[in-house]
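Below you'll find a set of structures to go through.
Both of the next two complexes hold chain A, though its partner changes from chain B to chain C.
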Partner chain A sequence: MNSPNTKTAIPYNRSRQAREAETMLDHITDDFDDNPAAMDYFYDLFRRAYCQGESLEREGVRVGTTCIHAPEELIYAMGATPVRLCNGSYHYDQIGADFMPAKSCSLVKATLGMLSSENVIPKVGKLDLIVNPTTCDQKKKASAMMVGMGHKVYNLELPPAKESEQARLYWQRSVREFVQQLRQITGKKLTRKNLMAAMARTSRAQAAFRTLHNFRRKAPSLVLGKDVFLVTNAYFFDDIERWTEAVEKLNAELAQRDQDGFCAAQKKAPRILFTGSPPIFPNLKLPLLIEESGGVVVADETCSANRMLYDMTAVDEWLVNDMVDSLANKYLKPCTCPIFTNSDDRLRRLVELAKSFAVDGVVYQAFSGCQVYEMEQKSVAETLNKAGIAMLYIETDYSPDDMGQLTTRIEAFLESLKTRKRNRT
Partner chain B sequence: MKRLKDAVDRVDLNRFRFWLQLAMFALLVYGGYLAVDLGSRLPMFSCGFNEEGRAGVCYLLPLQHQLSRPWPQLFGIAGVSVLTGFGVFFLWFIVLNKGWCGYVCPLGTIQDWITALRRRLGARYSRYTQGQFRQLSRIKYLLLALMVLIPLGIGGGWFSRDMGTPFCLICPGRMILPMFTGDFSQFTIDFSSKTALVMTALGMGITGLFLAGAFVKKRFFCFFCPMSALHYLISKPALLKLKKDGDKCTRCGDCYTVCDMEIKEIADDIKTRDIMMDDCILCLKCVAACPEPGALKANFASVTFFESTEAGFIKRSQKGIGLEQPEH
Partner chain C sequence: MKYFAGLDIGSTAIKVALVDEEGKIVGVHVSSSGSLFHKNAREALHTLLAQQGVAKDDVRYLIATGYGRKLFKEADDSISEITANAIGAHETGKAFGGVRTIINIGGQDSKAIQIDDTGNVSNFAMNDKCAAGTGRFLDVAARNLDIDLEELGDYHFNGKGAPLTINSTCTVFAESEIIGLLANGHGKEEIIAGIHYSIAKRTVRLAKRVGIEDRVYFDGGPALNKGLVAAIQDELGRELVVPEYPQTTTAFGAAILARNEFFAETS
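Take a look at the complex of A and B:
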């Protein structure tokens, strides 16, 4: 294996790293007929960012986030731009292996690998601050390593449980302190006006996401899951307003498809709910395999899509204090992340999604080394089993080595779902 | 029909409530001038001391009067009138359940106006801690018990007649509501006897507390309201109901965030279907603030007339932010 760290003279777009992205993107676009025309925006965005290494640098203060718990509205309100650093590249996963123990999560390794590189892809520019919410152990410990790489890191303290009133209040205080930190970095004050403007942008983006989410209830499907994952992935680094407009365009096209009675997948294609470790481009191998094998991912419960964009903020009084507390509330209370002590909400959300999206089966991805997802697997399987929903548990990582084996398992699973369906009718 | 339902589910609840409360306030506080008389068994604080303007009387006033009759009368023929009085009160009550508090009670409306004033001034509200909340929440039952026992004690000859209608003597409604018709006569301390002195001074103090409290705490007085306690005890057969479908709840806590009464169960309890808690005022703000379709519902006689919807939530919240909903 070539050392991934080699600094050779070849241009980025011919590097192994670019090819990894390109191969994935080619599969996503070329292996399927009838991709929505509105998806071209996203295909093009990823091609430019990941395959050509085009710069996405923003003006002003840039704040990297390592988790969905960092309230983006606050960052936007202070005139800074958030960029989600969670990375899906195998190339960076290998580099990151130098920092973490062998059996640790690909996502954390890839993020560290990216942050330690000189040429960061996607090219988001020099980060003025990294907000690292204290979620799982691996992300917590990654903090010091990021500092070691020369980054300025702010640990946003998240409570380990979320039910109690103490947890809520503790988190509200954390978020208020985060506002102070942002103020130091940006030199700006959080006001009612700028926070409302920021919340308006996020709210519009979320409304667009929810519309897209609802279109996926339709059977037969109007859109494939691989495309939706790409859309939500773009939210990590894309300009929020441009992103929202592109999603609204996609929604308009799906509305048209709905009217025309269009089917994006076979009518009998098993409908899959995707849960567990988040698929992040270029690591969309599992959703892609499902859809290449004739299934269709109609819903997900992952922090790179649904969990990131679904839950919306309610505010009682539009004053800065109440708005900040309400935001804090949204980033803690509905979250179904397995790092919390109690998994009830996640179990209930999965059953509810499975029912309301008329799902035939659930695919549970756990990155090897992501202990929390691995540990919750059993209870999720039991709960789904009780509700009469089949689940396939897959432990994998970013390496492409297990593709063959995974294909076989997924095909078998989809076949069993089809048989189940036939027997039922 | 579906379009009507959609329109209702997308209603700007806060605005609707403001106007309805205003209309109800005008009716109950000034209706008397137009010869409106809804009787004296009303299940909220339409104060009887507002003698000229009132369009009806709060049931607690006649109830305490009746209970303070001498025992031979009370446990004789007069007992029937206590029962029929309660019957009429009950009939009024079951129509709106605690909706009387959230939409009709003039004292509640005044607190909402004080809240609106505070909001205008840009001051933030305070909240109780969970521990405080649990303790304070009990006070209304204590007041209800005293409100029944003291008049009974008067009838039995243990307490002075000056203690008659003890709750009215300390209720802020007695001083505040007549004020709206220009009657400030209740703002006096009665020095005629020691009991009267203590009770009217207490009343004065509580009124001050009411005004100050409502400024820092939403619906400050409603936590202590014995009428609210009485409502809850008889709320089972009520027609207006707040329902929750726990399966659809994501426990995001949006409902708890907007709840004036800080009722945590509305967000956390996913088992109880009849989710109206004893402090609830059925203002239905939680339904309006819930983004999950069908998770919270307001039913009248088992017919859902208002429920949480995604479109309604988005419309209301974007209006709050000042963003018009883009057309899809």
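Take a look at the complex of A and C:
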């Protein structure tokens, strides 16, 4: 007889989200020859975390973040472990649709979907706090919904502009308040010593990223963009020291590849700069489509990769309060998020990246319903075109049903870039 | 004699074009895609070769394009339908004094392509994933109105009143809107004209997104529909260049490319 408490136990790896992740990983590994051996660490990490539902380790208090604006040095300094909650699963996107209007951003919906589920994947365990920087409207409104699900949420107030002095002061106060909040949660005090130690940890990780980033300037390419997106994506939840070591190993392998004259892509493969809404595993469909169609993503300007890790902290203040203030500046001033009123920095950064990475074209992804990226695409296209760089704008979401159309568009774009190049020479 | 073929495996129809060494068109063939893309594509090619009395081995290079391009492994190469369309329209458009903007309506998507004076794609836009404003939409509408697809054009011009407004952008919703209009006693003619204007509006918006430059070339199966051509001309405020065989422009482009690739590889 069935007792009323019997649950139908489905092995985790047969669940929809596990199979979604598995399909994507299979594409990433099997559709390409010569994946770097050092990538095995990351393939395995994602298989364990997403396909097998392995629990993630943690140290101390677990602090979830919903955006790169939450200063992780402060979280590490107080003995807590940050985990970035931004989610890329179509499965959770569909569940999250219960919380948001139909035409809202897949990323926000998927994050809510994940947080509302009993088994959050990756398994981060109990979240002691979620830090939600007040960026776009959808993330602002998601806050109350997360509270409704029983999470403890702290809204880290971000100003809508970043140039003015009042914006800087406003943000500095927000970050100081955040330190107080962390102190309450962790019961620890922020000191010069633990902050310096935390910054050393993140700086080493960022230095490893920057080396990887710079390897991508090489032509022909040493590494494909789909792998780099997986690497930066692992930073969301992996142990920071282990992650750094794995990236350093990858860098060593790339240095060897460089010496051996190895090519990860054809010499004439169009070089693509990827920007807009962030690719987050398992939604790597667009970067993957680009590389399966014969292009190579050599650089990106997204908050799941370059924007998250590029700008390093170098604080040489003597007093811990001054250190916090300058750390706050680092999280505000160089950020190229489209939620800020003025996006000149983002435009400059894109042109600079396109030029310094010898990019042939830019692919701009906007998740349907992500208004800021949708609205900005026109000015970005104009700026790039003025600089002689072609841009393809793609509005999409996490669902796989537009793959056929996207393939056609991407192939046509790559073909036109090739012809352009041929005509130029 | 050497021949070169372009095979456009679309969502609704399979189009084949054959060109000779000079790139002159020898023959074209259109058949339905059905569900067995690969089998039907092979048959379409054989039919055209038999019609033209060309031996299979004389086809030296074949390029596949369209949604099913990857399925046809016998092809020497494949290319996206946007590039093939641009090449075909550029070549065909020469007779009209050259074209710079292409509007293509296919079975399940619509595109606007801007090309430079050498036929290279400089910009393009495609409708998003739904079938609104595509050939499929006309198909569904004709079925609702119980008339043949080919008759749509005649009905367009025979209406007594002004074209009705079809607001729904979704094919499924538009279907119920059409049924509603019929139930209210509206004539088929006005409804059909309304459908044409609704597609035209969407298409012209797409074309404006890529920028309209002279002259505007219109191809794809729906370009056979004179009513739709008239509606797009009205919305666009200028005349369209419609080729004699609008369905095969893309296949022709692929054939031209096949010829060029062959000579580039052998020289």
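Side notes on the structure shown:
Criterion: the second predicted complex is superposed on the first by the 413 of 425 C-alpha atoms of A that agree within 3 Å, B and C clash if a C-alpha of one lies under 4 Å from a C-alpha of the other, contacts with A are read in each partner's own complex, and residues count from 1 in each chain.
In the analysis below, contacts are C-beta pairs under 8 Å (C-beta built on N, C-alpha and C of every residue); 3 or more make two chains touch, one makes a residue touch a chain.
Quantities reported herein were computed from a predicted structural model and do not represent experimental measurements.
Using the contact criterion defined above for the overlaid structures, shared-chain residue A:352 touches chain B, although it does not reach chain C. Contact with chain C, but none with chain B, is seen for A:402 once the two complexes are overlaid on the shared chain.
In the superposition on chain A, the chain among chain B and chain C reaching more residues of chain A is B.
Using the contact criterion defined above for the overlaid structures, shared-chain residue A:388 touches neither chain B nor chain C, since it reaches no partner.
In the superposition on chain A, A:314 makes contact with chain B only, while chain C stays out of contact range.
Of the two partner chains, chain C is the only one that A:412 touches; chain B does not reach it. In the superposition on chain A, A:204 contacts chain B only, with no contact to chain C. When the two complexes are overlaid on their common chain A, residue A:333 makes contact with chain B while staying clear of chain C. Shared contact residues of chain A, touching chain B in one structure and chain C in the other, are absent. Residues 163, 165, 168, 196, 199-200, 203-204, 207, 210-211, 214, 248, 251-252, 255, 311-319, 321-322, 325-326, 329-330, 333-334, 345, 348-349, 351-352 of chain A are the ones that touch chain B when the two sit in their complex. Interface residues of chain A facing chain C in the complex, by the touch rule stated above, are 395, 401-402, 404-405, 407-409, 411-412, 415-416, 419-420, 423. Listed in rising order, the residues of chain B touching chain A in the complex are 119, 122, 124-125, 129-130, 247-255, 257-258, 264, 267-268, 270, 285, 289-291, 310, 313-314, 317-318, 320-323, 325-326, 328. For chain C in complex with chain A, the residues that touch the partner chain are 67, 79-83, 109, 118, 120-122, 124, 126, 128-129.
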